[in-house]
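Take a look at the structures below.
Both complexes below contain chain A, partnered by chain B and then by chain C.
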Partner chain A sequence: MTGGIEMIKVRDLYHSYNNNEQYAVKNVSFEIAKGEIFGFLGPSGAGKSTTQKILIGLLPLQKGNVTVDGADVRKSSRELFDSIGVSFERPNVYKKLTGVENLKFYSEMFGVPTEDPLKLLKMVGLEDAAHKKAGEYSKGMLQRLVFARSMINNPKIWFLDEPTSGLDPNTTSMIKSIIREKQKQGTTIFLTTHNMHIAEELCDRVAFITNGEISAIDSPRSLKLSFGERLVAVEYIEDGKSKKETLSMVDAGQKQRLNDLITRCKVETMHTQEATLEEIFIKITGKELK
Partner chain B sequence: MKRLFGLLKKDALVAFRNYFFLIMLIAAFLLIIAADFLIPEKASMDAKVLYTTEGQQSDKAKLLLGMLESEEGAKRADSKAQIIDSMKKDKNTIGIVVRQQNGEPAVEILLQGYENEKSKRALALSFGAALNPQNVDYSSIEDVVLQQSTGINDIPLNKSFVPLMIFVEPVMLGFIFLATLIFMEKEEGTIKAYLVSPIRIGEYLISKVVVMLLLALISTILITSFTVGLQVNWLLLLLTVAAGSIFGSTLAMFIASLFDSLSKAMVWLIVTSLVLTVPMAAYFVPSFSPRAVTIMPTYNLLFAIREAIFPSGSSMIIYQNIGGLLAMSIILYGASTLIYKRSLLRD
Partner chain C sequence: MRRLLSIFRRDVKSSVREFLLLYIILAPIVVTIGLRFFIPSVNAISLQFALDKGMEEAAVQEFEKYGRTELLDGRTALENRVNKVDDIIGVLQKEDGGYVVITQGNEKESAKLMAYQILSGMKSQGAERAVTFSDIGAKISSVAVYGASSVILMAILLGGMVIGLNIIEEKEDMTISALSVTPMRRLEFIAGKSIVGFVLPVIEVLAVIWILGLRDVNVGMVLVMTLSSSIIAVIFGFLMGVLSSNQITGIANMKFLLIFVSASYIGAAVLPADKHIFLYWSPLYWSSIGLIRVIANTITWAQIVQYTVWIIALTGLVFLLFKGKIQKGLT
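Here is the complex of A and B:
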């Protein structure tokens, strides 16, 4: 953890949909500090959504302890939701209402000062479609509308479920910059995704979850340092021919081979290579992200 | 209150954009047209009687003929053949042929064939009594009239349909509208978004009941004003309709809480609405009142609406109806809130 005030604390969390020993989430523990972006990474059906639903009160807490903004979710009042924002993966808006109406009516549910709907729509590039019915929006526009709605109450804790899923690169970049900006303002962000690139770029720490269990929690950099093999890709000319080799920076024999190449051959390019977070995930969990 | 008001505005707009208000207005308009212009003010349900004589008639027979002549709706025909011909053309006609047989008057009754045994016996008895009045002891027959001026029988036929219209449109349409609204939101998933805001599920549901109530009251005011006029007990009428609408809405809500899609709930919604409308049969045929029908909440509701529009002095039925429906609505509302919460959390 990065230190500071704990905004979310989960201890020994278990959940079974059938109320038996078949747990969708088992023995899950983690903490998230104020202002931290915490990535919850795993393939579909790993237990990401179940954990998030328990944190936001859409699933009952069966076993374990969960506190959100200092409040035990078992005993928390509805007013806790004044400080929470949730962006769902599946767009769930009123199709017969316009974008601005969807945000306006939603803003009236909160007991705290809320953002101007038009300002939020502008932030996500929907200002021109603000007065169009949501039923006329494309999937990407609906995704952005849901994302904008989740910011309406200026949440202290922001739950984002696959916020860039199905978005084009430009929109993805816009969403990422909004997330970073919110972090700067002190918002704590719980990011559920199976997109490792997004997680790598945005998250201070990530948790890998498969089969309902967390197998690693750390910053992307520490995970790479701990589990990734540092490599060097070398392109060189030998006996008049262009050749390419990838050598380990850890293995003594391969380090010697690199020295040989540098002294004997004409090295054209040389790049250090880091393992990607996805490769680390596969290495740790033995599963691919799908 | 701010939250509830926000929900109300949202639900009213969603209902408006889904043409609920328009459908309600069109239906009210059609019902008003039907009551004012299509249904006649009077329609006789009594059978027409055609009678004729064959041969010479005795004094006794003349007595019977005199009685028939004075009967409203009875007409003399030239022959039995003419009666049969007329009966074939009008299925609501019966025939009587009076003739002499062995020096005594005899009556032949011509029926359509669908009359029941009771009716046949009653006819035979009445002719017997007319021919032999000395055999009937009228002194032992006493008429007791409980309410001299109920006015129920004076209601024009077209206006007597108005309570039925109010029952069908504001109350039953609310039942269908509310179920549609809830399933639409279930399919859109919007309730999940609202569940992660400070609102309570009870507030979320009650706002829909209020919107349906609003629709019901507008519809009732329109139908009543343009059919029977403004001279009704508005307070009792609107309270009765409000109780009926709340009951219809909470029942629809309860059914909707048990299913996750409209297609799965459809059979139950149709069966329930059919069952709820069975008391409509008892409205025009009061003798059709088996216990299974009279215990239904809509039975009392129907008669309570009539009592509010055409007062007969039995206002107790209105208060009993309002109390009963509201008590059931509270139970249905509580149950559906609980089930709704659980079913949502299961998804």
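Here is the complex of A and C:
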């Protein structure tokens, strides 16, 4: 944890959809500090959405303790949602209402001052489609509308479920900038994704979850240092032929081999290679992210 | 309150942008306009006479020249026949040979005059008889009574259908989960969704009364019956919404409900009074009988209160029966 005020605290969380010993989430514990971006990473069916649904009250808390913004979710009042924003993965908006009407209607549900819908639509690049019915939006536009809607109440705690899913690189970049900007303003962000690149770029800490259990929690950098292998890819000319090798910078023998190549051969290119978060995920969990 | 009105406004906005819902909203008005033109033509289609069996054969033959005749036994049978929905003039021959023309009181003046003219024609042919009129006391056409009350019942039920289809829309678009992560309470959602089920029938009922020119109807009584009956429609609307996964299933479920509506209404309109007891279980029976009697101006405030209590009590039982299903379906 990065330290500071805990905005979300989860202790020994279990959840079973059939109310039996088959847990979709088991023994999950973590805490998220104010202003932290916490990535919850795992493949489909790992328990990410179940955990998030419990945190935002869409599923009842069966076993364990969960506090959000200091309030026990079992006893919290509806007013807690004034400080929470949720961007759903599925575009759950009113298709017969326009973009701006969707945001305006949603803003009327909150008891706190809300953002100007047009300002939010402009932030996500939907200003030209603001008065178009959401039913006429493309998948990416709907995703952005849901994302914009989640900011309407200026949430202190922001739950983002696959916020860049189905978006083009430019829009993804725009969304990432908004997330960073919100973090600077002190918003705590719970990011659920199976996209390791996004997690690596944005998250202060990540948790790997598979089969309902957390297998690692740390910053992407620490995970790489702990589990990753630093490599060097070298392209060189030897006996008139172009060759390529990838060598470990940890293994003594391979370090010696690198030195030999540099002294004996004509090195054309040389790049250090770090393990990706995805590779570390596979290494730790033995599963691929799909 | 702000949230309730927002939900109501959204539902109205969304409904008028959907062809099916717009049609449902406008249907009672369209039917009423049709009925407005239809009522005079029904009365004018042909002449019908209910004649006493004891009448002279010549008189019966004379009436047969001008319209359809039915022969009935005695004054009571004639009055019962005249009291039915269609326009029919009763004619009875008294012991002194004179005639009594029996009417409900709501027939077109021309129809009454026609009976008089036929009898006068017989007079000119030598069979001079005195003619007197007997008015049973109805002030409104039976077609208008049953037409207006059935359209009002339709407007009430379609209000519930609008609620149901809006809930189905929320389910299909999964917007309920988005609302679940706002401070909105479930009760606010239910109350907000219900508003349309009360407001729409009230507006439409006032329009129906105005279009049909029912000036003698007690508007206060109609509104009380409309609002109490809307409670049934609202509950059915929610049930339809939570039980149906899409519009098609929703409409199929509504058709199922219409069986109860039709049975209750037809029973209230057609069955003899002593058989009505078999329909007491249905809140829609109390709505039907109440609306029919309000439009026919044959009800008192005490009866309105009695019917309303029945409606609320029976609907309350239906609600208790399905409360869990409704609550579960809205999460």
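We take it that the second predicted complex is superposed on the first by the 290 of 290 C-alpha atoms of A that agree within 3 Å, B and C clash if a C-alpha of one lies under 4 Å from a C-alpha of the other, contacts with A are read in each partner's own complex, and residues count from 1 in each chain.
FYI, contacts are C-beta pairs under 8 Å (C-beta built on N, C-alpha and C of every residue); 3 or more make two chains touch, one makes a residue touch a chain.
Everything numeric in this text was worked out from a predicted model, so none of it was measured.
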item	value
Chain C versus chain B on the shared chain A, clash or fit after superposition	clash
Which of chain B and chain C A:G57 touches, first, second, both or neither	both
Touched partner set for A:M109, first chain B, second chain C, both or neither	both
Chain B versus chain C as contact partner of A:D82, first or second or both or neither	both
Contacts of A:R149 with chain B and chain C, given as first, second, both or neither	both
Common ground on chain A, meaning residues reached by chain C in one complex and by chain B in the other	56-58, 78-79, 81-82, 84, 86, 88, 90, 92-97, 101, 105-106, 108-111, 133, 146, 149, 153
For the chain C and chain A complex, residues of the former touching the latter	2-3, 6, 9-10, 13-14, 17-18, 169, 173-175, 177-185
Residue ranges of chain A in contact with chain B within the complex	17, 56-60, 78-79, 81-82, 84, 86, 88, 90, 92-97, 101, 105-106, 108-111, 133, 146, 149, 153
Chain A-touching residues of chain B, taken from the complex the two chains share	2-3, 5-7, 9-10, 13-14, 17-18, 188-190, 192-200, 344-346
Partner chain C, residues of chain A touching it in the complex	56-58, 78-82, 84, 86, 88, 90, 92-97, 101, 105-106, 108-111, 133, 146, 149, 153
